[in-house]
Amino acid sequence: MTTLLSLALLAVHLALLLTLAPVLAGIVRWTKSRLMGRVGAPVFQPWRDLQRLARKQPVLAENASWLFRGAPTIAFAATLAAAALVPGFALGMATAPLADLLAIAGLLALARCTLALAGLDTGTAVGGLGASREMSFAAFAEPAMLLVIFTLALLAGSTNLDAIAGALREGTAGPLFPLGLALLAMLAVAIAGNGRAPIDNRAALAETGMVHAALALAYSGRHLALIEATAALKLLLWLTLIAAIFLPFGTATPESGLLVWLLALPVWGLKLGGLAMALALFEAGVAGMRVFRVPELLGLAVLLGVLAAVLLAVWQGLA
Amino acid sequence: MGGHHGAFSLDVAHLLGGAVLVLSFGLLYQRRLGGLINAYAAQSCVLAAAAAWQGWVQSAPALVVTGLIVLGGAGVAIPVALHRIAGRLQFDRAVVTQPGIFPVMAAGVALVLLAVLLAAPAAAQALPREDLALALAVVLLGQLMMIVRPAAPAQLVGFLSLLSGLILGIVGVPGMRLAVELAVAVLVLAGAAVAGVYLLRIRARFEEVDAGRLERLGGAAQ
Amino acid sequence: MAGVSAAVLTGFAVVVAALLGLGAASAVAPRRIAALGSLGACGVGFVLALAYLLAGAAPATLAVPLGLPGSWMTLALDGLSGFFLLVLSAVGAAAAAAALEADADATAPFLPVLLGAMALTLLAGDAFALVLGLELTSLAAGALVLMRHNDSAALLHIGVALPGAACLIAALALLAGGAGGDFRFAAIRAHPPEGWPAVFVLVLALLGAGAKAGLVPLHGWLARLLVAAPMHVSALMSGAMTKVALYVLVRLLFDLSGPAQPGWWGAPLLVLGAAGAVLGALRANMADDIKAVLAGATVGSVGLIVIGLGLALAARGADLSTLAALALGGAMLTALAHGLFGSLLFLGAGAVHQGAGSRSLVRLGGLIHRMPVTTAAVLVGAASLAALPPSAGFAGQWMLFQAVLGGPRIDGFGLQTLVCVVAGLLALSAALSAAAAVRLLGVAFLGRPRSPRASAAEEAGQTMRTILIALAVASGLVGLFPGGVLSLAEPALRRLVSAGMADRAGLLAVAPQADLPGYSALGIALILALSAGLVVWLVRARAVPGHRFGPVWDGGFGPPPAWLPFGDPLTQYGGASFAQPLQRVLGAALLRARETVDMPSPGETRPARIAVAMEDPAERALFGPLAALRPRLVVLADRCWLPGIRRTLAVVFAVLVFLLTVVAIVEQF
Amino acid sequence: MNELSLLTGMLRELVSAPGLVVLVPFAAAAGLGFVTDARLGAWINGAAATLAFLLACALPWEPIAGLLLLADPLAAFMAILTSFLGMTTAWFSQGYMQVEVQAGRFDAPRLRLYHALFQAGLGCMLLALLSNNVAVTWGALEAATLVSVLAVALPRTEDAARAASRQFVLCGVGLAMACFGTTVLYLAAVPALGAGVPAMSWSRLPAAAAAFNPAMLNLAFVFLLLGYGTKAGLVPLHGWLPDSQAAGPLPVSAVLSGSILNVALVVILRLRGLLDANPGAIAPGLPIMALGLASLLLAAFSLGAQRDVKRFFAGSTIAQSGVAAFAFGLGGAGATFAGLLHLALHTLTRAAILQCVGAAVQLNGGQRCAGIGGLLLRHRALGLTLAAGMVAVAGLPPFGLFTTLFLILSGTVDRAPWLAVPLALGLAVAGWAMAERLLALCLGPPTPDRGPGTGLPALVPAWVQLALVLVLGLAMPGPVAAWLAAIAGAAP
C-alpha cells in the first residue's frame, strides 16, 4: 500500500515537474519584464518555444561527435533524476531513500560536466569560453553547497533530503541563525548554478557576459529544446529544494491527514510562485557582474557556509 | 722494576728528562736550520744518556743498548744526514722564518702545564709521574713545532723531536718489555722520514714537501 | 580458515619470489618474459587476494629464512594487506599487460622487481621486511625512470626516498624499542608507544610514508616521476605505488601504534591531506602535459585518502568507531577506485602519446573521432576523477564526505572548526578535479585537432584497447557496487578500528549509519537510466528525427583556409585558456601562476596566445632552499676536505689538545 | 731452561695456523723479491694470498692466546676478511697489472717490487690483527704504513710522490701518537697486571681492565684514538687517504688502505672495551661517535665536489668508515655486531667497486669523472657490476649494507635518539651523492675507449665479493650469524 502510494506520488511529482518547469521559467520571465516596464511574453511562451524547437531538425557542427549529440539527453536525464529525488509537495516518495543531497549535487554536476564537454566538442571559441567559466564557477559554488549540506546534516543528522525536510518540518531543528546563513549561501549557489543575474544573463547576446548561453550556442532543433528544458527544470528543482528545506511547512507525509494532503499541492504552488516572484524582483534589481568578480561572490558564500557550519557544530557540541 | 731506587738516581733521571724538554724549547726558539739540527743532535744525546741512566737505575741492560742505538742513530747519523741535505740545498745559512717567538713559547709552557696536570694522577699507584709528564710535554712540543714552522726542514726536525719524546716515554716506563724493539721502530720511522726527504729531493723538487708552498700553488691553480 | 590463510600467504611468498627471480632472469633471458611473467604473477596474486578476503581474512604469519642476520624474516597477511594486495595485483596486471604493448628495453627487468618489492612491502610482518620492500620499490621505480635518461626525476626520487627510508626506520625503531627491540609486528603491537615516542612515531611516519606517497609538501618528486616514466610504469606508480606508501602509513599509525592514541593525531593528517587534495587538483588544472595533469590528480587523490585516514584517527581517538570505520572505509574505497581509474587514465594518456604523437594539450584535440575506444575508456576514468555519480570516484568521495559530516561529533572546538574547513576544501578539490577532468577530456579528445599529427591519430592496438576496456569495466563495477568493495575491506576495518561497515554497506546501498538511508549507486544509476529512457521516449514521440551537418558559428572567426581542413585550431579554447579563470583566482595565490598573454594588435591575423608558468609552493619553500643549500654546503665541505699538510696537522693537534684538556678537566672533578 | 721453554712455545705458535697465516705472506714477499718472471710472480702472488686465506679459514677452529699470537674470534674474523680481500685483489691484480705494464706505466723490476710489497703489506696487516701484543700491533701497522707509502710512490709520478710524502707525514704523526698511547696503555695496565709482557697482551688486558689506573687509561685512550683514528681515516685525521688512493696503484689502495682502516677500527673497538670495563675511566663512546659522525657528514657533503673517481670513492670510504666507528662508539652487542658487519661488507663492496673503477680508468686512460660515462652502454658487464656496487654502498637493498645501516640507524634511535638525526642526514646525503655519480658513470653520454681493457675474468673477484655482500646481508647462514654475534657480545 505504502509502496503504491509512494510510486504514485513519484509519478505525480514527475508529471508536475515536467509540465510546470517551462511555466515557472515563463512566470519569472514575465514578472521580470513587467517589473522593467515591458509587456512581457505570455507565461506559456517557453512551452511554445520548446514545441517549436522540437519540430526543427538540428544542424550539427561539422566535427561534432556523438558526445555532442548525446549531451542534451544526458544532461536532461541527470537533472530529471535529481529532480525526482527532491520532495515537492509531499515527503515519502518512492525515491526518498535515494534522495541523498550529495547524490543530488553529484547528478547536477554530471549535467554540468556533460554540457561543458559538449561546449568544448564543437571546437569553437564561444563553446570553450562557456565551458571554462561554467567549470570555474562551479569550483567555487561546490564548497559553498557542501557547507550548506554540512549545516543541514548537522541539524538533521543525515544528508538524506527527505529526512532533512522532515526534521525541519517537525520544527525540531536547532538555532535559526546558522540556518539563515546557510540560506544565504544556498541562494548564492542557486543563482550561480542556474545562471541567473547578476552572474549570468540567459538572454545575453554578447559573448563577454555569457556562460550558459555560450554552451548552448552551437545547438539547434530538438537538442536546443532539451537544453532549454534542462535549464527550466533545474530552476524548478532549485526552487523546490529551497522550498523543501527552508519553507518546510505544509508538505504532506504518508501519515498526514486528508486536509494536509488537500492543501499540500496549492501550498507548494504558492511557495514556488513566491520564490519565482522574489527571483524576478531580485534579477530586475541588480546589475550584471564582471566575470572575474563572480568568485568573490561565491567565496563570500563559502565563508557564510563555514560560519554556519562552525557555529552549528559548536552550539550543538555545547548543547 | 727492581734496581737502585735512591732519591739521587731519580733526580738524575728527572734532570736528564728535563734537559730533553728544555732542548725542545730550544728547538722552538732556534731560527736557523743549522742551529736547529745541532739542537736536535744535542737533544738526542741527552736522550741517549737518559735511556742509559734508566737502564742502570732499573738494571735493565736492554735500555743501555737502547741508549747506544739512540746515540748512534738520532745523535749522530741523522744530524749528519740532515746537515748534508741542508748543505746541498743551501738551506744551511737560511733563516727559517717563523711567527713571533713569544706566543709560541707561551703556548709551549701551557702545553707543559697540561702535561703535568695529566700525568699527576699517575703518582697514586706509584707510577713514574715525572717521566710521563716530561715525555708527554716533549711529544706535544714536537707537534707544536710541526705546526708553527712553515718550512719543511723545520717541520721535519719537529717530527724528529716528537719521536724523541716517544723514546723518552718508552725508556721512562718501568719494566717495559720490547723497549729496544719499540725504540728501534721509532728510529726507523725517523730514518724513513729523513730518507724520504732525501729521496724526494732527488726525484722531485724539495718544495714538494713544503706544505705551505703546496697550498699556495694550489690556490694559484684554482 | 586458518589453513586457507596460511596457504594464501605461502602462495604470495612464492609469487613474490617468482617476481624477484623473474627480474633477475629477464636481465639475461628475452625481455618479453618479464611482462608476461608479471602478468601471470599478478593474475595469481589477484585470485589469491580475492580468495583470502572472501574467506574471511584470518591473519597468518610465515617465517622465511632471509632478513636480518640471526633471525628469520616474518611475512604476515591480514585484512589490510590483503585489500591492498588486491589493489596492487589488479593495477599490476593492467600495467604488466600494457608492458607487453610497450617496446621491451633495458628497463624491462625492473618491472617484476617493482611489483615484487611492492608485494613484499604489503606482506611484511616485521620492520625490516617493510623497509626492505619499500626501499626496493624506490630503487626499482628509480631505475625504471633512470633508464629512460631522465636523470633529474629519478635523482629527485632517490633524494626523497633515502631520507624517507631513514624516517621510517627511525619510526619503526622507536616502535620496536618499546617492544624490547623486537622488530616483529606482533611484538610491537603488544607494546604500543606512549608519550613522546608516540608523537615522534607520528611525525616520522608522516614524513617517511608521506614522502613515499607524495603527500604535500613532499609531492614534487611524484609529479615529476610520473611524467618522466613510461606509461605502464606511471600507471603502476600512480595506481599502486602511492597506495603501498599509504598502506605503510595506515600500518604504522593504525595498527602498530595501537588503538589508544589520542584523537588529535588526525589533525596533521587532515591538514596535509586537505592541502594535498586542493593543491593536486589545482595543479591538474594548470598543467599542459596530460601526464602532468594526471600526476596532479594523483597527488590530489593521495590527499583525499589521507583526509579519510585523519578522520578515522580522530574518530577512533574519540571512541566513535563507527565513524572511524566510515572514514577508513572511504579512504580504502578511494584507494581502490583511484588505483583503477588512475592507471586507466595513465594508460589512456600513453595510448594518446603513441597514437597522436604528443602529450601536450597544445598539440592534441579531436581524438574522439580517431580513437573512439580510448576516448570512451578515458571518459569513464574522467567521470571517476570528477566524482560524478555513479562512478567509482563518487562512491569513495561520498563516503569521505559522510565521514567529514560526522566529524563534528568529535569533541573539541579546534577539531570541529578544522573539520568544517576540510569539508569546504574537500568540495573545492572535488570541483577542481571535475574542472580538470573536463579540461583533459574536452581539450585533448574533443574539439578539433590542434596539430596534423593529432588529426591523423591512430587508435590503440588490440591489447591496449582490451586493457582499457577491462579497467573501465572494473572501475564501473566498483562504482556500482561500493558495498561489495567495502565487504572486502571489512576485515581490515574490524581489525583497525574495531567496527565494520557490514551493517551499513550492502550490495545495494551504503549508509553512514545503520538505520539511516544512504547512497545507492545502483539506485541512482537506475533512476538515471529510467530518466534517460523517458527523455528519449519523449523526444522520439515529439521531435523530428535525424540531423544534418553544417558550418558552425565561431564567434566571428572567418572560414578556415583549405589547408586547415578542421579549421584554424588556434581559435579553439586550449588548456591554458580553459584554466584561466581558475588560474587567476586560485593559481595566482596558491601556485604563483603567472600568465603571459601575447595579444596581437587590431588588424593582425596571428592568433593571441597565452602561456602560464607556475611554481609549486612546496618547491619554493622547501625544495628550493634545500637545493640551494646543498651546493653551498658542498663547497664548504670541499674547502674543509683536504687542507694542506700543516693545516691538517694543526687541526689534529687542536683536537688532541682539546681532548686532553677535557680529560684533564674531567679528572679534576 | 725457562728461556728455552719460552722459545719452543713461540716456535710452536709460529707453526700453528695463525702463525702460518702471518708467515706465508712474509715468505712469499721474500721469495717474490727474487722472481724475475712477471707472470710467475703474479701467480705466486695469487697462490700465496689464497693459501693465507685458506689458512685463515681454519682460525675459528684453532683459537689461541699465546705469547706472540692471538686468534680470538674477533681477530679470526678480521683475519679471514683481510686475507679474503688479499686473495681476490691478488687475482684481480694479475690482469690489471698486465694492462698497466702494456700501457707502459710499470716496468718489470717495479712489478717485482710491487708483488713483494703486496705480500709484505698483507703480512703486516695480518700480523697486526693476530699479534697478542699491543706494541707488536703498533709495529706491524707502522711497517704496513711504510710499505703502503712505498707502494703509493711506485708509479714514480709527481702526484704519487706528493701523495706518498703526504701520507708519510700525516700517518707518521698518527703513528707517533699511537706509539705514545701504547706506552701509556702499558703504564695504565702495570698496577693491575704488573710489569712485563702480560700488561701488553691483548688477551690479558680486558679481564684486568677494571683495575687499571683510570687516569692513564684516559690518556692512553686519547692518544690511541687519534693515532689509530688516523689510520682508520676518520675526519679530521683522514688527509692522507684520498691522495694515496688516487695516486697509488689500484690493488694497493684497495687492499692496503682498505685493510689498514679495518685493523685500526678493530683496535679502537678493543680499546673501547677496556674503557668500558674501567669504572674510573671516561665514557669512550662519545668521542668515537663524534669522530665517526664528523667523518660521515664531511665526507658525505664533499662527495658532491669530487672530480676524480678514485678520490670520490676514497671519500665514500671515509664516510662508511665513520659509520662503522659510530656504531662501535654507540656500543652494545647489537651496534657492535652491526658495526663489524658493516665494516666487513663495506670492505668487500669497496674492493668490488675499486676493481671496476680500476678497469674503467684503464679503459678511459684517465680518472677524471667528467671523462668517464656511459659504462653501462659500452661495457655492459663492467657497468652493471659498478652500478651494483654503488647501489650497495648507497645503502640500498638488496645488498647487505642496507641491512647494516638498518641495524645501526635503529640502534641509534634506541640508544642515542638525537644522534640519529645527523646520522640519517649524512647517510642520505652520501647515498644521494652516490646515486648522482652512478648516473654519470654508468649512464650518461658514453666516452670513447682510449686504453686496453682487462676483460671479463678481472671482474670475477668483484662478482664474488658482491655476491657475498648480498648473501651475508640478506641471508646470513645461522652459524655465521651466531659466531658474529658471539664476537660482538664478547667485545662490547
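First chain written, first letter: the chains are A, B, C and D, and each begins at residue 1.
In the analysis below, contacts are C-beta pairs under 8 Å (C-beta built on N, C-alpha and C of every residue); 3 or more make two chains touch, one makes a residue touch a chain.
No experiment lies behind these values; they were computed from the predicted model shown.
Undergrad: Give the chains in contact with both chain C and chain D, ordered by label.
TA: Per touch definition, common to chain C and chain D: B.
Undergrad: Specify the chain with the shortest distance from its C-alpha centroid to the centroid of every protein C-alpha atom present.
TA: So the chain nearest the centre of the shown protein is C.
Undergrad: Taking each chain's centre as the mean position of its Cα atoms, how many Å separate chain A from chain C?
TA: Between these chains, centre-to-centre, one finds 35 Å.
Undergrad: How many angstrom lie between the centres of chain A and chain D, each centre taken as the mean Cα position?
TA: Spacing between the chain centres: roughly 79 Å.
Undergrad: For chain B and chain C, let me know how many angstrom lie between their CA-based centres, rounded off.
TA: 69
Undergrad: Please work out the Cα centroid separation of chain A and chain B, and write it as a whole number of Å.
TA: Chain A and chain B have C-alpha centres separated by 99 Å.
Undergrad: Which parts of chain B, given as residue numbers and ranges, touch two or more other chains?
TA: 118, 121, 143, 146, 155, 211, 214
Undergrad: Among all residues of chain C, which ones touch two or more of the remaining chains?
TA: Where chain C meets two or more other chains at a single residue, that happens at 643, 645, 649, 652, 656, 660, 663, 667.
Undergrad: Among all residues of chain A, which ones touch two or more of the remaining chains?
TA: Not one residue in chain A touches at least two other chains.
Undergrad: I'd like to see which chains touch which, written out pair by pair.
TA: Going through each pair of chains, those in contact are A-C, B-C, B-D, C-D.
Undergrad: Given the complex with chain C, which residues does chain B contribute to the contact?
TA: Touching chain C: residues 111, 114, 117-118, 121, 140, 143-144, 146-147, 150, 155, 211-212, 214-215, 218 of chain B.
Undergrad: Help me check something: in the complex, which residues belonging to chain C touch chain A?
TA: By the definition above, chain C touches chain A via 365-366, 368-369, 383, 386-389, 394, 398, 401-402, 404-405, 408, 411, 413, 416-417, 419-421, 423-428, 430-432, 434-435, 437-439, 441-443, 446-448, 509, 512-513, 516-520, 523-524, 527-528, 530-532, 534-536, 539, 542-544, 546-555, 557, 566-567, 569, 571-573, 577-582, 584-586.
Undergrad: Would you mind writing out the residues of chain D in touch with chain B in their complex?
TA: Spelled out, the residues of chain D in touch with chain B are 133, 135-136, 138-139, 142, 146, 149, 156, 158, 161-162, 164-165, 168-169, 172-173, 175-177, 179-180, 182-184, 186-187, 190-191, 194-197, 200, 213-216, 219.
Undergrad: List the residues on chain B that touch chain D in their complex, please.
TA: Those in contact with chain D are residues 1, 118-122, 124-128, 132, 135-136, 139, 142-143, 146, 155, 159, 162-163, 165-166, 169-170, 173-178, 181-182, 185-186, 188-189, 192-193, 196, 200, 203-204, 208-209, 211, 214.
Undergrad: Which chain D residues qualify as touching chain C in the complex?
TA: 166, 169-170, 173-174, 177, 215, 218-219, 222-223, 225-226, 230, 236-237, 239, 242-243, 282, 287, 297-302, 304-305, 315, 334, 337, 341, 391, 394-398, 402-403, 406-407, 409-414, 417, 420, 424-425, 427-429, 431-432, 435-436, 439, 443-444, 472, 474-476, 478, 480-482, 484-485
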